[in-house]
Structure formats: structure tokens, C-alpha cells
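Each structure below is given as C-alpha cells.
Here chain A shows up in two complexes: once beside chain B, once beside chain C.
Up next, the complex of A and B:
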């Protein structure tokens, strides 16, 4: 028997109580601390900070805990918090060439100034479950790190010893396209999608912001699609670096810069093919990826998609989804996507009733028409 | 960043005043150009996109302490999301709420327009999922904006015509396109076409907020709103063979309630306040029944008639 839809208020309250119980789980198991999440699930924290667009490891860890490990839900919590924060100042551009590097690899040169630094990567792990971790254990921690043979450089290489591959090394020969800088940043300030409405067509600054905030899975698949031939722009990873950079602000009333903290970031620059054109001599082109925290998958994918989205600028035909800025930018945000996809579980019975009425009416009319058609035939027989 | 972890209190009606100013500018533009979609820098809200973030931002922007708010979803004040949005404003704007259409100064709605005629000074705020009426004919924003600018609506008429040639009807039953003030074709949000005539020459201000798509549009009071149609296929609204099983209304939008798995069903008003006040005002039965009782009677009756 149908029970009237009353008592939504009580139902919501009970749902929230159940959710809190589910989040905590059995009481005999110790509760996760924010510090544990922050330090031991740091790649989850990275993703939440990157797609939440807010660099705060503690809040990201809190969001992950509150969201029961659902990272998109955690990103949502961060976004909803971020949007309420006042903009106190805009920082100067970060200098990734002055990064304190933890990892840096180039796929285009065997060796290069500053060296190849492997850093903390899964790249050469064998994906075998480490059953030692089932119990609280230290895993590979007990193994001592082996001293460098001296082939590669010291990992504490200073900034002068680690020039950027694209900007510093390839550019020397003029082999890579020069990045255009706005002539006057007063007149052409860097866009901010969270403050101004998105209107197409857009410039690269807004595209990069959108990609940096975009869903890792979506960007990954789009990047992958370019490699499989949907807007192929064969890419080499010129350089990927992970480390910390300092953020500086320049308060106008002081006239000198102040270091206000550090960011951990992953940066990827790709070297892509380009045939040249009537106006441009043959040269390599670029894609760029930058994300908060450690996330090479996202940084590389972002660089691939960034390059694909530069089709118009390069005079290339737009033939694939990854080149279509309206398609990419309108669908990359997982908070928008998950909201709209999931909203169809909300009541739609008014609209459904309207459709139901029409379908019934059309069926009746069709049936009547068939009967009318059938009757004269029978009469003729 | 340690101070950021302490709980902070939010501004009145959640949005900061700069954001409200930005939205008010968009609203003013929207009112000045009826039916035109104004881009605005929609914020992330503490509820998901698709749950009414556009409507909530508009309501948060126009509401003040002296207002009385009503929130409906599917015509009802009691659906979970309506309850949730009402609680949000009770909490953040410390506002009086009501279920009575006539007592409300601001009404936020999803999928319905109240049955009771709205009056001067009321504001109706619609939650809009896809603001672009041409979206399903042309997915590109760059193209649809051009079509609006050139008043190029032929594609929409072709679509409606194809419906007629294929189905014998215009097969659009909700989000039925309208032309506002003889200029812009507008999506009335997914309200049933039953509600379209209520938009025409309406005394209340109608505001539309699409949060995910970041668009605001409006119909000022007493503005002409015309549902698209053809001379030989005039626009018509839905009607039911049944009356409301609770209040006996013959002219309101009815929801179908399934009673069992044998095909028994009954119909009740989708607008719960309208239905309730009709029952309160009426003297004769079957008005005193609860929905459940009415349902029981209905299935007994239909058993008997077999």
C-alpha cells in the first residue's frame, strides 16, 4: 500500500545518522587520523587538492575521511569550501625552474644537465602484492638505499645545474616553438574560471586551468585517445619534475616579494611534432601539464590534451574530441558531471507523468487507426 | 593554514556579498532582456550540481530577512530535496518559511509552477538543468548563441513539425519551448507544458538559475510568454480523465500513484499546498481522507467494479 510522501525531514535526518555510522565503521577498529591519511594516503590527498583546486593537505585529508574515501565526494567538499574563501592576494608566477626537485626525468635525452633523478616512483616496481603490509610492517623500508655510482647527478642539484629541457635546452637551437606571453598582463590578466563565466572560444590560460581542475580519468582517456590516433600529436616527455616550489607575493605597498609558503607540484612538458607552415619554420611544439601534489598520470595526460587543444592556434583540422575545446572543457569537471549524472535519481514524476500521458494517448490513437483500417478490409472480404 | 581548519561562520544566505552583487548584476541584465541567457560566474554550492544550485544562488541573492520562503519540488513542499533546500535557508538566512503559496514572497521551485495564481511582488525562482532550448538540436554553445542573436529559430520549428508528422502530436510534454516578449525562445525549465500558460502575463517576477551551466534568465512581471505552435496544431495542455482523488480538483496537474501490481492506480494533485487548501476549504467529502485512505477506497472501488 502506498504511503503518502510525508516526513522527508525525518528521513533525511536518519539517512545522515546512518551515513555517520557507516563512515566510522565498527568501533573496535581504531579511527583513522587526519595525519595518517595525509602522510600515508598522500597520493589521494594530491588528487583531492588538484581537482579541488585548493592546496591544503590537512583539509584534503579531512575531506577524504569525511567522504569515506570517495575522492570525488572529497573534491566536492573542498570545492564547496574553497569557493567561500576570500582572495587576499594573487601570487607571482611560480618558478618551476627553481624547484627543489625530488624527481626529474626526461625521455628525450639520455643524460642532461641536472641528471635524471628517479625519486619516489611506482615505475619500476613489480606489481606484486606485498603481503608483509597485511600486518603493520615497513615493507621495503628496511632496505638501505644504495649509494650513487656517480653516473647520475647528486639529487640535491642546485637550480643552475637543472635547466628546463624545453625552455632551456631545446630553445637554444630554436627547435621548439616559443611560448607567447601576454604583452601586458594589466590588460590581459590571467583568467579565472571560478570567478568569471566560461564563454567560448577561450584562451589557453582558461583551458589549462580547466584541465588542471579536470577529472583525472577524463583527462587520462582524452590524452590516451590522442595517442591512438584521434588527433595524434606524437608526444615525447621532454621533462617531468616533481618537487616543491615557493609561492611569493608582491604587496604593492611594500615593493618587495614575500615568500608565503611552499607547494608540492608535478610538472610535465611534452615535445610534440609539427611540420611547420608557411609562416613557421619546422619546429617542435609543446604541451604543458601542471598539478598540485604528486600525480604524473594527470600531468602527462594534461600535456597531451593541452597540445591537442592548440589545434586552432596551429592551423590544424579539428577532427577529434580532444581538440574540441567546447567538448573538453564542458565535460572535464567531475563535480559538474557527477552532479548532473546523479541528479536523475531525484524525483522526476511530474515530467514522467507528462510523458506517460502522451505515450498512452499516442498508443490509443494508433490502435484506433489500425482498427479503422482493418474494418473496411473485413467488409470487402 | 591551520586557522582554515577551524569552523568559520558563513555570510547571510551563505554567499558572500561580492558574489551576490555579481549575481544581481546578471539578474538585472536578465530582467532587462526577457528570455536572454546571461552568463554568470556560478559558484560551487554545498549541494551537488543538479540539485538546484542555480536556483539556490538566485534565491540566496534576492532573499532578505523580511522574506517568507516556500520551496517545492515536483509541486510538493515535502519532497526530500525541497525539505533540504528549505532547511538550508532556514539555517543560513534565518528566514521564515511557509508551505502556503499565497504567504510566500519568494518561491523556489523544481519542475512545477504552483496552481494558485501568483501575485504582484512575489518572486518565482526556477531550478534549471539545461537552460538552452536549442541544446538538443545543436550541442555547441558557440552556435546556439549565434542562433539566438540572429533570432534563427527555424530549427526548432522543424523539430516540432517533425514531431507532428511522425507522432501526430508535438511530442514535447515538458520543457516545452516558449517565446518571450516576441523575441527570445526560452526553455521554461522542465516544468510540464501544463504550466506554460501560467508564465504568460504573470504578475510575479520569474527568475531562472542554471548553476552548472552558469546561466541566469528572467521573465519580468506581465510579460508575454507564448508557447511555440502552429496554426493548424495549436498548443494545448495536458488533461486527465480522472479528478484528484483527494480534493476532487478537475483542473490541476495530477500525479499518478500506483496502488498495486494489478494495474490499479489513482491520481492526486501534484501541488500539495493547493490540494490541502482545497480540502481545508471544502465542506463535502471525499476531502477528509488522507492519501492512504483514499488509496484504499480507490482500490476497493476498482475491485468492486471488476
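Up next, the complex of A and C:
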């Protein structure tokens, strides 16, 4: 049991002042602006939005600044903020097939309609520190940024249609499992973990929501574990897309759908082998990852874990942590995790006194028992 | 009679409205405000346009939904901050704004523009000052980005292995 403490106000106030000073750093160094964080640390912003489960770049940048770059602390700030706002509506499902694409690659098909577009990626960089970046200024950029039209035969490439690789291409041959829709979709409630407490077993909608806001590191490790043989299902990346989609809602007062702006999003679909079962022929199965902002590592990991968690539905043996929905979903949330892990540093004096008393008593009892055992022996001698 | 024709036109108006609301929602406050300030300088009636709030600008959340595999079962992906506002002109035209983000000023201005766009008097003016030029600006930005992105289109080719040759 946790018993609260009182007092320490002055020390706490001074600790917060020290924190504010530390956050600011030396005064002779210019202060970071929200715009700088938003535009130049955009992948941190993406992560905070995804795991904070709130798409708002300015707020995420503010949280990063306030948290001194501690992303989990920033995510905590965002989660706390979102509880202060009313829920106005649910959006219509976003149409990722209509995405304005910034990047789109497939590891399974070399030639696909719409082509492969690398976009702004770290892939194929040499991972060598670029010491030019030590200096600020636009000198380096203007040199490197001249686009070389070389390879691209078709500069209007991304104007052409980009059919979904799995749904479109593989499905045509019937070699991949189709995504199932609930029979009466209108009446089928969509699980919402922000509204209903988690109760097992769960459906795929709750799992996907949990994974989408889950800790990147945790999901990454679980995804990795499936590749290393814990819940073996050899996966290929069928398609990764990064880009913007519009958000549409249907306000009851208007009676028609309206488009309220854009959302940056990363989507990943994996293709996995499936040996077939009594009812299903051998075919490919799929995992799905969808994450706010630009975050491929998370999107791929999410797709791997989504597929692993579909074990029951596929009739596979549940033998590995990544297949265990209770294990995965109960430990994926880094705010819950950090709250419980870090709370043990807060005063537990009463708690600890009780344990101290207990250990002392047990010692005394043990010593008494030893003495009693020793006495008859002495008597016998 | 007038009412009947208004009802008949409702569908067209709705699709027109969808278009302008989508364009306006994507503008920055700066873009809108500059145009509004310029317009109100020449149009005295607009500079002191009377309107009342049916709903003052307020920020809340919209839960964004996705579909498994892009076309399968729906799930809740995460929330996005959204601001809405509703105004009513003296002519009883009601203007709505729903925009991503937390900009109250922008939501209010868009609600006013939405109302004005429904009036016979201002529709054309607002369209020419805001909707049409801003739509083509957005289109241009999108096209420019597309051609920038297209320079990274790649043609992978698989190497023929020695033993297969």
C-alpha cells in the first residue's frame, strides 16, 4: 500500500526551478523554438504524436521542448493534455489508397503500378557522421539538394494510380487472405481503449489501437523476436507508404461529410507464409501497421506483431510472447509502464517501515528457534 | 417557389460546400486573414459584418479511424485536435467550420466565410478572393511536391547470379 507524504514544498519548488534552468541551458546559447523542433526534429515529433495518440505537431513539439527531449516524458504530457479536451467525433476510416504519397516501396514486387518512390529516407545512407552538419547555415543543403532527374524515366510517376500491393495485386490471384469485414458493419461497434477498460480476450480492432499507441521500442523488440523464431512467421514487407491522407467527419448538424485537413501517416503491410489448415488452402496471410507521422520502424514492427497476435484466428499454437495478446497489450503502453516502474523512487517510508519491522521480527524468531535448538544439545553434553 | 428551388439545389450546394470547406480548412490563418483584411478595406459592409455565434470556437478531439489492411475491419488509430465554430448572419445563413488544429481565429473566420459563400450577395466575391485562388495555390504546392518526390523514383533490377548464367 502506498501512503502519501506531506511537506517538502520549498524543496520541490526549488527543484522545479532547477529543472527550468537546466531545460533552458546556458543563456548564451539561443533558445529552441517550437517551429525548429517541429520542422527539424520531425521524427521525434512523429513519435510523440503516435504514442501520445494525438496528432498535433505544435503540441508535440512543445512537449518535447518542455520534456528536455525526453520523448516518453513528452508523450506523458500529451496524454495528460488530451484528457482535458472533449471528444467531438469519430472520423470516417481514412483512405490510405488515396494517400498523397511521399514514399512508397515494396520488397516483394520490383515492378509495380505507380512505381517505387524512395522519398526522404535514411535507407541507403552510409550511416557516416556528416561533420558538415556541425556548422549551421544552408551552405551544405543547396549543394546537395539539386535534384538529379537521372534515373526517373517518368517524372510524373506519382501522379499515376498506386494500387495497394497486397489488396490489389496478390489478391487478384487469390493467393492472399482477404481482409474480413464484420457482417453488419454499421452496427458493429469499434473498440476504443480510451473509453472502455481492457478486457481479454480482445478483437483485432483493440489490438491494432493498442499497438498504434504502444511503445516503439517494445513493439520493435517483439517484432524482432518473431523474426528470430519466437512465433515464426517469415514476413516480407509487401508495401510501405508514407504520405498524407485527408480526415473526413460527418457532423450531424451538416448531414454530409466534410474534409477537415490532412494527416501524415506511415502504413505497412506484411506478407506472411501460411501452410494452410483443414479449412484453408496454403496462402499468404497479412499483418498491418499504421502509425501517425513518419515512423517506418514502428509501422513494420506493428505489422509483425499484429500478424503474430492473429495466431488464434489462424489456428496456430500460442508459444511465444508476441502471440500472447494479454502479455503484449498489458505491457506495450510506455506511460503505464514508466508510471509503475518509476513510482518506486517516490517516498515509500511507511511501506518500507512495515517491511523492515517484518524482517526484524522474522530474524528474532529465527534466532530464538536456533537458541532453543542449541540448548537441549548443550544439556545433552 | 423559391423554397422548392432551394431544396432542389441542396445537393449541388452540399458538394460545393464540401469543396470550399476542404480548401479553407487547409489554409493558414495568415493566408485567410490577409485576404480578409484586404477585402474588408474595399467592402465597408463586410468590415462590420454583424453575426452571432451559435457555437463559439472550441477545441476538441476527433478519433481517427483506420482499417486493417487498408480495407478491412475498422479500428481507432488515435486522436487529432480539431476546432469547430458556428456563426449565423443576420440573413439567417449559418456558417460552419471544422478544422484540424487549435486555431480559434481561423475557425471563426472560416465559419463566417462559409456563411457568406451561401449568400447571393457575397458568394462570388468570396469565391474569387478566397476559394479559387487558394485552391489553385494548394494544387500547385501539391504538384511541385509531387515532382520533387518523383525524382526519387527508383528502378531496381535483380542481378543474375553467376551459377544461373
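A few points about this structure:
In this text, the second predicted complex is superposed on the first by the 345 of 381 C-alpha atoms of A that agree within 3 Å, B and C clash if a C-alpha of one lies under 4 Å from a C-alpha of the other, contacts with A are read in each partner's own complex, and residues count from 1 in each chain.
We adopt the following convention: a contact is a pair of C-beta atoms (placed from the backbone, for glycine too) under 8 Å apart; a residue touches a chain by one contact, two chains touch by 3 or more.
Since this is a predicted model, take the numbers as computed values, not measurements.
In the superposition on chain A, contact of A:269 is made with chain C only, not with chain B. Of the two partner chains, chain C is the only one touched by A:115; chain B is not. Once the two complexes are overlaid on the shared chain, A:254 sits against chain C while remaining clear of chain B. Taking chain A as the reference, the larger set of touched residues comes from C, when chain B and chain C are compared. In the superposed model, A:205 lies in contact with chain C only, and not with chain B. Shared-chain residue A:297: touches no atom of chain B or chain C.
Of the two partner chains placed around the shared chain by superposition, neither chain B nor chain C is touched by A:47.
Applying the stated contact rule after C-alpha superposition, one finds that A:82 touches each of chain B and chain C. In the superposition on chain A, A:38 makes contact with neither chain B nor chain C.
Residue contacts after overlaying the shared chain place A:56 against chain B and chain C alike.
Residue overlap on chain A between the chain B contacts of one complex and the chain C contacts of the other covers 56, 58-59, 82, 85-86, 194.
Contact residues on chain A toward chain C in their complex (touch as defined above): 49-50, 53-56, 58-59, 82, 85-94, 96-97, 100-103, 110, 115-119, 147-149, 151-159, 164, 166-167, 179-182, 185, 190-194, 203-206, 208-209, 212-213, 246-247, 249, 251, 253-254, 256-263, 267, 269, 286, 288, 290, 292, 306.
Touching chain B in their complex are the following residues of chain A: 1-9, 11-12, 56, 58-59, 62, 76, 79-80, 82-86, 194-201, 326, 330, 335-336, 338-344, 346-351, 353-358, 361-362, 365. Across the complex, chain A is touched by residues 1-2, 4-5, 8, 10, 14, 16, 39-46, 48-51, 53, 73-76, 78-84, 87, 110-112, 129, 140-142, 167-169, 171, 173-175, 190-194, 212, 214, 238, 240, 253-259, 270, 290-292, 295-296 of chain B. Across the complex, chain A is touched by residues 14, 17-18, 21-22, 25-26, 58-82, 84, 86, 96, 98-102, 142, 145-158 of chain C.
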